[in-house]
Every structure is written in C-alpha cells, then in structure tokens.
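Here is the structure we will look at, set down as structure tokens.
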C-alpha cells in the first residue's frame, strides 16, 4: 500500500492560500489573487483525484472491503488520559468521495468567480475566504476525531458567515450572515453536548474507537450508555440525537432551515459552493460518518428519517411558490438534503440493508454537481439581468445558449429523468424507502413530482415565457471562465450516474449489487414527466394559469409563500421573548438590583453617618455626658457579660 | 471617741464627686464648670487621704498624691482661666453653649 | 554613681530640660530672628533624637518612680523624631508668628511630660507626666490667640481633660484603696478583681480612652484638632496619642495582666466602636484637619485591635504602627500645614486639582493617605497587617473581619481626598507654593520613612528584638 | 534565573519613567522596559522548559527564599510553576500591547506610564509569589494604579467608576486578608508549600475558605460581586481596560485556584455553590451583554461571562476543568485585551462607542475592523483561536462529573456560547458591517504602534488556538501536581 501522506497537502494548500491572500492580498496581490487561488485549488483537486484513484483502484479492497485508513494522526489537545482532540486524516470511501466532490466543485466555483467577481473591491479577500472555506470543509471530511469534525464544523460555519456577509455594506447581507451563523451555532450547541455525551460514555473522542466500542454490544461502554437514561431516553439516543441536531442545523433541516434561504444574499458562486454542494451536506456526512453507531439505535434513526422526509416535503412545497430564483434553488437544496437524510434513516448497517446509506451518498455525489451547476447557471443569469426575481427574466435562451442547455440538463438531472445523474441516485433512495417504510416512500414520491414541477417552473420562467427586458449593452454569458465550469459540470451531471457507485461507497465498504427493475422505476419517472408537462403548460408562455392556481390554493398558497411563518415564529421567540423577557430584565436587574445593592451599601453607610452626627454636638458638656455614658456602658458590659 | 468610719468618708467623697459631675454637666458658665471640676478633684483628694489614713497608714502615698493633685489642679485652673479669658475676648461670653461652633 | 546613672538614663529628658531652660533664657534676652532660632531648636531636637540611639542599658531611678529600658528609649525616640518633624514642618507657620519661643516651650514641656509618663513606674509619676503633657497642650491649642476656633478648641480640651483627669484620678484612688500601693511593680500581685477594683479599673481605662480618643470618649478630638493650629494638631494627633498608647500598652500588659480577661472584652468593644464611628464620621468631613481627626480615631481602633493580642507580638506591632503612623500622619499634616500657613485653606474642596499646581505636595499627601489607608507598598500596609495579625492571635476572626471590612470604608474617604487632588476640575486651584527647604526636607524624610519602614524589615525586626 | 528580576525591572522602568522628560522619552522607556520584560518572560519559559526537560520535577522552579519578617514569619519566597509562567507570559504580552496602544497619550504621560508599569509590577510579583503574604502584598499594589488610571485618564462617569472599582477590590482584599490570617494561625506559616504539607483541618477550611475565595472572586468578577467590572472597564482609558481585564481579573482567578489547592476540603464542600454562581455569571453575563449598546460595556459584560468559565472550571474540581480554567484565564486575558484595544482605536477616531452611531467601519478602517472581528470570533469560541481551546477544556472537564446538577450547569454554560454569538454578531453587524456614515468614511486606519500591538496579541491568541498542546505541556504537569493534593480531598468525601 502506498503512502497517503500527500493527502495532507490537499487541505493545506487552500490554507496556505488563505494565509497568503489574507495577509498580502489586499495590498500586493489585488488582481492575481484569483489566479493564485485557482491554481492552488487545481493542485488540490488533482491530488484528490490521485488519492481517489489510488484508494479505489490501485489499492482496492482488502478482504472484500475498502479499509478505513488513518493516514495521519497527531494529538492536538489532551484533555485526560484517552480523551483528546486529535488532528488527523481518515481515508475511507466517503471521505475520498467528498474530497473529489469538494475540490472539483470548489475548483469550478473558483474558475467561475474569476469572471463573476471581476472588478470587485475585495477580490483578494473573496478568494481568501473561499480558500478558507475549502480548507475547513476538507479538514471536516478527513477528520479522525469527532472533536476535529466539530472544529472544522465551526470553521466552515464562520467561512460561510464571512462569505454571506461579503457585501458587508448591504444590511440584508449582514442580517443574513448573522442569522446563518447564529442558527447553526444554536444547532452546534446540540452537537457539542452530543459529543460530550458520546465522549463521556465512550471514554474517547476518536471516531474509530467510538464506533468500535458502541457497536460491540458486550462492551462496557455500550452497556453503560444504553442503560443510563435521562427523561426516558437512553443516553445513546440522546447523544446521537444531539449530534444529529448539529447536523440538522448545518444541513438546514426543519426547523433549523431558516438561515438557508437568506444565505442567498452571498455572491452566487458562494451559494453554489457552500449552500448547495458542500457545506450543507455536512450534516448528512456527519450522520454517515457515525452511521455504524446510528444503526445501533432505532430511535435516533427514526428521528433522522422523519426530520429528513418532512423537510424534503416542506421545502418542495415552499419552492413551488417562491419567485426569487436563488431562493427556489435554496429550498430545492433543502428538499434534496431531506432526501439524503431520510435515506440514511431508513438504512441499516451492512450488506443489502445498507442500500439507503449507499443511495444517500450517491445522491449527495450527484446532487453536488447538478445543484452547483444550477447555481452557477443562475449566477450567469443574474450576472446578466442584475436581478434575482423571476419576473425580471424570461426568454433568455437566445441570449445565453450555453447556460440554457446546461441549466436544462441540471433540471432534468434533479427531476430524475433518465439517464441523467439524479435519476440513478434518486431511484436508489426511493427503492430503499420502499423496502423500509411505505409512508416515507409515498411522501418521497410526491416530493419527487413536486421537485420536477418547481424546477421546470424555474426553467421555463427563466428561459422561455415572456421576453425579459434586458436593456442596452450586456455582456452575454460573460467570459470563458464563466462558461467553462458550466460545461464541465453539465457533463458531470449527465455522466455521474453511470459510475458504479454501489461498488465503491457502502455502509460497510463491501460493495453491493443493486437491481433496477422497470416496475419500480416507472412510477417516479412517469410522475416526474407529468409534473414537467404541467410546468410547461403553466409557465412556458406567459398566461393567467399560475395566478389562477395560486388563488385556487388560497390560504395554503399564501402560507407556503410566506414559508409557513417559521421565520416569524423565530422572530417572535427572539424579539418578543428572549430580548424583552430575559435579556432586558437581566440587564435591568444588574443595573438596579445587583449593582443597586452595592450602591445601597454605600448609601446606607452615608445614611448612618448622617444619623449619628448628632453625637458630635459641639457642646462640651454633652461630650462629658457621653464620657460618663461610656463608663456606665463599660460597667454594664462587665457586670452582665464578664461575670 | 468614736472614729468616723471609712464608709462615711467615702460616701461624702462620692457624693462630692457626683455633685461636681452634675455641676459640670448642667452649669453653662465656664468658671462654674471649672469649679465643678475642682469639686471632683477634691473628692479624689478626700479618697486618697482617707484610704491612706484608714487602710495603709504605714506609707504616706495617698497624702502625697493628694498634694500633687492640689498643685496640678491649681496649674490647670490657671491655664483654664487664661483660656477662658481669651475666649471671652473673641466671643464676648463665657457661656459654654456660645462656644460650640465646631460640630458634626 | 548615682549621678552617672542619672545622666545616662535620663539623657533624653535632660537634653529636653536643658533646651527648655535655654529657650527661657533666650526669651529673657534680646529678640532673635526666627530663622536662627529654628536652627538652634532643630539641632537640639536632633541631638535629643540621637541621644536615643545611644544605648545605655536599663535601670531605675528615684526608687522605682522612673525606670527605663531599650524599648522605652526607642519609644521616646519615636516621639522625639515626631517633634523634630513637626518643628521642621511648622517653619512657614512660625515665620509669621511672634511668639515662637513660647510655642516651643509649650511643646517641649508637654514632650517632657510624656517622656516622664512613659518612664513612670508609679501612679503618681504617671499622673504627673500626664498632666504635664496635657496642660501645656491646652495652652498651645489656643496659640492663635485671635482665632475664635482656636480658643474654643483650647476650652474644650482643657475642660474635657480636666474632667477626664478627675475620672482617672477617681480610678487611681480606688485602685489605691483596694491594693494599698501605687507602684506598678507591686500592683499585679494585689489585683484581685473585686467589684470595686473592677469599677476603678473601668474608670482608669476610660481616662486612657479619653487620651487616645477611643469611642465614646473621643468627642473632644475633632473639635480640638480642627480649631488648633496645624502644628499643634499634628502634635496632638501623633505625639500625644502615641505617648499615651505606649503607656497604655505597658500598663495593660504589665500592671493589669491579672485582669486581662476583663480588658480583652472592653478593648474589643471599644475597638469596634472606635473604628466604626471614626470611619462613619470621617466620611462626612470637609475640613481636612477634622477629617484627619476622625481618621486618626479610626486608626486608634486598629491599634486597639493590636493591643488585644496581649503578648509580645501585640506590643511590637503597636510600637511599629505608631512609628509608621508618625511618618504617615506627619506627611499629611506637613502638606496641610504648608498649605494652611501659606494660603489659609483647609477644606478638601480647596484641594481640587491640587495636583496640577503642586505635584510634589499632591504626591506626598497621596502617599501619606495611602499609608494611612494601608495600601502597599507603603508602610501603613505592613503596620495594619501586623496589627490585625497580632489581634487575630486570640482567634477572634469576626472582629478581624469587621475591622478589615471597615478598611474599605476608610479607603473611601482617603480616596475622596486623592480624587479631589487628581480628578476634580477646578477653575481656581491653590496656586503654586514656595516650599521652604526645611519643610521640604521634613516631607522627604516622612516619605522615605513611609516607604522604607515597611519594606525594610530591619526596623520591625529591631522592635521585635526589644524586650517589652 | 533570578525571578526577582521580574519585579525589579518594572521598578527600574517606573523610576526611569519618573525621571525622564517629555512624552517621547517616557514612552520610550516604558516600551523598552516592557519589551525587556517580555524577553525575560520568554527566557523564563525557555529555562523552565530546559529545567523540566533535564528531569527537575520539583513543584516550583527557580525558587528563592529570603526571610523578611520573623514574627509573624514572612518570607519573600518566590518560584514559578507552569501555571505561573503562563500568567507571566500573558502579563508581559498584554503590557507591551497596552503600552503600544497608549503611544500618543498626551495628558500627564509620565504619570500614566508610571502607573501602568507599577500595575504590571504588582501582577508579576503576584504570580511569582509562593508566600501568601507576598502574594497579598502584590495583589494590593495592583489596585491603586487602577483607581488613578481610571479616575484621571478615564472617560464618562470616571470618578464614580474608579471609586466603585477601588472599593470593591479593597473589599475583596479585606476578605482575602481574613482568610490568610486564618491560614496563618492554623499552620503558623504563610508559605503555600507549608500550608499544603501541614494541611488545615476540615473545619478550619470551611470557615476560612469562603473569605479567601470570595475575596479573590471579587477580583475575578464572580457573580454577584462583578458590578465593578462594567463601569470600571467602560470608564478606563484603553490601556487600563486592557490591563484591568487582561491582567488584574486574572489575579483573582489565579488566587481562587491557589485557594482551592490550599483548602481542598472546603472547596469540595462548597463546590456546588461555586458552580451555581459561576453558571449564573456565565449565562447572566451573556444575556446582560446582549442588551448593551456601548462597545466597552459589551466587552465588559462579556468578560463577566467569560470569567465565569474560569470560576466554573475551578469549581468543578477536576484536572481537566482546572486546566481549562487556566487556559481560559490566559485566553480571555489576551482576547479581551485585543478587544479593548480595537474598541480604543475605534473610539479614538470616531469619538463614540455607541454601537448605534457606528457602522460600516470595515470600509474606512479595514485593519481595525479585522482586529475587532478577530477578537469577536475568539470571544465566541471559534476553533483556531484560544477561546475555543479554553472553553472546550472546561466543558470536557465539567462534563466528567455525572451528577445532574453539574450536567445542567455544563449545558447552561454551553448555551452561553450561542448567546455570545448573538451579541458579538450584533455588535459586529452594526459597527463593522452595514453602511458607513459620511463622517466616518474618511477616518484613517491603524497606525504602526496600534498594528504592532494588535499583531502581538493576535499572534499570542493564534499560538494557543492552533497549537494548544504547547500550552498543555506547560501547565498540565503543574496542574497534575496541584491536583495530587486536591484529589485526596475529593476521595475523602
């Protein structure tokens, strides 16, 4: 087996880029920073491919399964014997897959941004942040230690915050970045406590050790964590659920999804990278990383399943009503991640039962390509019309042919039309769901149809429908740097499905056989096609039908349009409960009660001082009288106390 | 001839002491106050002499002490009267309540 | 032999007596300039101080009436040092005064009385010393003859102290009546603790409490301090108080040792009351002298806590504290005396923004106040620390806690003055003052003392090595 | 090396400052002195490690013991362990930064720098003391300069704040004093080692521990004795705020730690109260911060919350949490100094600290804004910065006790990191991001001295944040030794 130590360079190169650009970019590397960032990432990307090749093909399976390799591990912070944060690199199928996904999508975004962000004032800063993000994300997927995940988890959070707030002078961007950070931070609290629970009972923070201990039913750790319980749930369930809360926050699962649509305030390429392809699937990745442990606890898996499926449905419904194209895409992302989640939830560990796991990872893989393609396409469109609103678009297929074709491919992929990438992965998910839980299957099927509908609503509204009023001079589809990524990603969206994914990425690393039978395929595919046709009827040309349908749904439509008022609930909780009912009383109490008490001590002293001033009357006879009083007092003291 | 018992003398001296004290507390005229103090000192003198005579006649400690008290009382009175005279110059009064500017 | 003994054992008193007579003769002769007179007096005082450093052993004179040893000599030297400093500091004030010699005469007579009082081995000697130190002071308090307040102060002092003498004498007479002796050495074996004796003891202690101005016997203090000229005030607050405390310690520790349970109780109550009342009154003062009067009352409370210890360490810490107190209080009074002599201003509000115009004086006053407050690295910190440590040796930690928390209150009013000097804005601050070299030297000595007496443990160790 | 140098050098510097003339000389001397001090601290670290590497395992190194007073027995006994070295390094870094930040202090510059140096001397002396009296001595030395610094050079209601701070701190030291006397009269020594060796009976500990702990707790802003913190910090001039939060609050934390090691039985007995108070401080401080509108108040209240972690770590009474407490002290010292430095830089330019009146400063002063954001991110515990390491260590430690109340306290304290994120981002969002007003648009960015100060602090934060194992190597052996003694007390229970 060859050494994998070069993998260390994959995250370190972007880190170096971040440091260089962050320190010197603004002053010295203003124009060349884009190029530096891209080149460094290209190297990372190539190294990733090399790693993938080596792992899957050169080294291959040992004993029939792909082995988990710890290429590098260094104790970073020792808490107590056995419990430490380690920095290291794990290589296993999902890590390698994520390496490839992250570096290639990030590379595409880097290239795209060369054109898209050209002339920006903080161009170098932008690339620095992109590099920081890429580094953090790579570090996350390679983690050996659950605390290492948490650290990089926070780092991707902050890079996301920085990038969403890139247009810092726009109040809406600032608000969105704040929201994203705070909501995910809240979720991370759950993650942290989950880690504390698992670490306490497992006696280790090392992922492999934890998995090994918690999957051995006889181990003392397993026994103690399953017997200890709090509020009727075993500590294992608690731990996993709390970890999942962290994942749900980052992956925008209901009810922690509110930040994702707002996060679209960031530059569009950023949305493509962070809020479509990579960071938002970190939650899925986290569950997959700990999947052996999750599979030991049915309750935790159920929570994953139902959260996932509900989020998928909810997001799809909302997506049908939104008019901001990036928001539509954001809800679509949320919906697709919901798919991945419940797919994990219905899966079991090992062999055929692990189909859901494989499907989830497969969907993650394909989704990364077509969703980033959709975002980059949307970016091109926005670059042209300078608006996010559907009503400002239409008939753009003539102005931007490449974008049009690429976007169409992506739409077909996400709609699950064969032979595009999404078809394969979605098909596996549905099959897995069908085997395990019919209710989930039903909802998933309906969601799939909705997906096709809203994606093509989007497609038709942008590229067909009425002609947009694109005035005067425009730069068409922009430079080649903006077109090239679209083309490459389009090719991936077509071809990614044909990779023999079940062979490579499975729950136990062993590879499974999948069966595609026409019968089970027919239902979702035909539903999708029907939905596409309905979308075509409603949106291909400008007409009154959408409005009529909206009126027909009435209150439900309005509720969906308002995103089911989840934001308002949050606002209510923060603005009406936490601030006035907790924050202000505390601030008040501090000023008037705690501090007031200290002041009162001072004032009291002054009061007493004023009260006894009469003693010093200035009349010498009274002084003598006090003198005499003192003698009597002392006598009494001795008479009554001493004797 | 029956000797006067010590207790009687002590009662007289104590009475004198408290009479002096009462005078000091109640008289407004500074000279009178000074006189009251002299009463107190004299009661002490009586004490000393009586104790010496009745209880410890072998030494003359008490008697000498009272001699010194008398002397010093005279000196004290001299200084006090000088001060009171000076006070009268500025205050035009020897009422003790008029000299109570400094207080609190 | 006897004469030899007298010369060596009485050397401090003799130097002082000679000085007093010298001054009397000068007074009889032609008028001398104030400057040369000051020089003479200060040099004589210095000789007197140096006389104390010259160790001549211990002994008794006049069949036990007068006794002395290294500790007593040291205590007297502290007082001599204080008087020297006061004399140097009052240079500016005396310059404008006609009766310089009288002032010195009064002061030195009083000092002489104190020295005899400290050395006394007999109640009679003690009484004589006490009166000898008090009566001239009353006259000195009236030294600003035309000042209403000065007269009032003197009147209050003389009447109060006459009353206190009466009480004290009553106590002594009963002690005599119950024991039959006036000799300190003979007393302890005869103390039985019968009720009359206890009552006598209370009267006796009250007389002391009056002199050191412990609450509730303190009421004269503030008025007298405020009214008297600054030099007299500083003499009253440092020298007079210090001397009585020295005697108080030795009387309590040696003579009334058999009654130590009784006086432990009395003194603990007095100390708490003294600290509290002193602090509470000091809080509300505007006149600096009056303010320092109450602050010194509070200081006495701390000294009483040190006295509580009842052993060697207690005595050491008290003597040590008095030494520090001399430096600290005289540094403060030195500044006040200068300002008062040159501008007549004595209110705290007058000192607003004092730092801007007189940084040196402001720093000296600040350091002095910090020392009084007990802030390191000044000696006051060490002094208070040792006092409270000694006081805690009997395990009365609640008392210590009360005292320690009272330091916070005292901190407030000391800081109030510092605040006025450094932080408050003022349109018309005290103008820049010309400081005479002598006064400046005195201030420097005080500051050096404040800093060195604490940090250099040699001073403390020296006191500790003395047998008390 | 001779540890006394750490006290003598500031003294020499202070004298040099007093004797020099004009702002240029004064600050030159001050900077030179503080740099020397930084060098000394670095040298100390190096020789400490060399000594440890050579197998010297005694508790304290570089000890020297000079008799000072014989009765009561007081020795000038100095020596350092890893914890003390960490605090000394922290002090030296903050002092250099503080002096750099006040580079252009025109008003009474001589006195200003003199007091700063004096304050630092108190801190150094405190950290190297092994004798409780010496410790107490230096603790109080550090109080008065604060009073003057705030009262003379401060802003706002400065006199009142200075007074409040001085009085509360004096109150704290009065309590400490009672505790120390209690210790003294039961073991007849002020030596920490002697106290540990002889040991205090459980009853004595229970009586005196509250005095000593609350006393130091006041210095460490323990709830409900924290009220000097907001006003004091807000009124202080920049460097004084940095010293106050960065150094002098650490005196309290360090003192608390030492008291726990001297009186472990009592600490164990009272630990639940300590934990409750610490948790309240953490949560309460965080929520109170959320409501503040003045940048300095924000940082001051957040200091209360962060220092709560120090107390929490100490109160949890296990090795990991105590390590966490130490790291948190260092981390918070650096972070909050950086924060105050940034706020000071902003204030000196905009002349306002009200968040509502600021906005979009990133445009006009990118460097200062970046510093502000970095300080904020460190405050909210971002990995890579020291705050994360510290807080996580405290959490890991406090989670080790399976008792429900301890768990609850840990979760609540953990929740504060969310609130921290809220207030940090609110402040950042309003002041640094968003549209900029016209009058602020043309303000200049940081000058070289400010840059240097910030870079120094950031570098220190990053070193701990990125390589916490270095910090651990330094302090863990010492906390192990400390805990050997404490651990016994816990097993007795």
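Chains: A, B, C and D, in written order; residue numbering restarts at 1 for each.
Definition applied: a residue touches a chain if its C-beta (ideal position, glycine included) is under 8 Å from a C-beta of that chain, and two chains touch if they have at least 3 such contacts.
What you see is a predicted model, and the numbers here were worked out from it, not measured in a lab.
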Larger contact count among A-D and A-B belongs to A-D
Can you name the chain whose C-alpha mean lies closest to the mean of all the C-alpha atoms? D
Mean-CA-position distance for subunit D and subunit A (Å): 36
CA centroids of subunit A and subunit B: separation to the nearest Å works out as 97
Separation of subunit B from subunit D, taking each centre as the mean of its C-alpha atoms, in whole Å: 65
Can you work out the whole-Å distance between the CA centroids of subunit B and subunit C? 27
Using the touch definition from the top, which residues of subunit B touch two or more other chains? 21, 24, 33, 96, 99-104
Indicate the residues of subunit D shared as contacts by at least two other chains. 167
Indicate the residues of subunit A shared as contacts by at least two other chains. 602, 613, 616, 618, 620, 624
By the touch definition up top, name every chain pair that qualifies. A-B, A-C, A-D, B-C, C-D
Would you tell me which residues of subunit A are touching subunit D in their complex? 26, 75-80, 83, 85, 147, 150-152, 154-155, 158, 161, 165, 168-169, 171, 173-175, 177-178, 181-182, 185-186, 189, 192-193, 196, 199-200, 579, 582-584, 586-587, 590, 594-595, 597-598, 602
Contact set on subunit D toward subunit A in their complex: 164, 167-168, 223-224, 226-227, 230, 284, 287-288, 290-292, 319-320, 323, 360, 362-363, 366, 377, 380-384, 388-389, 392-393, 395-397, 399-400, 402, 410-411, 414-415, 417-418, 421-422, 425-426, 429, 432-436, 468-469, 472, 476
Complex interface listing, subunit B residues touching subunit A: 21, 24-26, 33, 96-97, 99-104
Show which residues of subunit C lie in contact with subunit B when the two form their complex. 123-124, 127-128, 131, 135, 138-139, 142, 145-149, 151-156, 158-159, 162-163, 165-166, 169-170, 172-174, 176-177, 180-182, 222-223, 226-227, 284, 290
Within their complex, state which residues of subunit C touch subunit A. 155-156, 159-160, 163-164, 167, 198-199, 202-203, 205-206, 209-210, 215-217, 219-220, 222-223, 261-262, 265-266, 269, 277, 280-281, 283-284, 409, 412
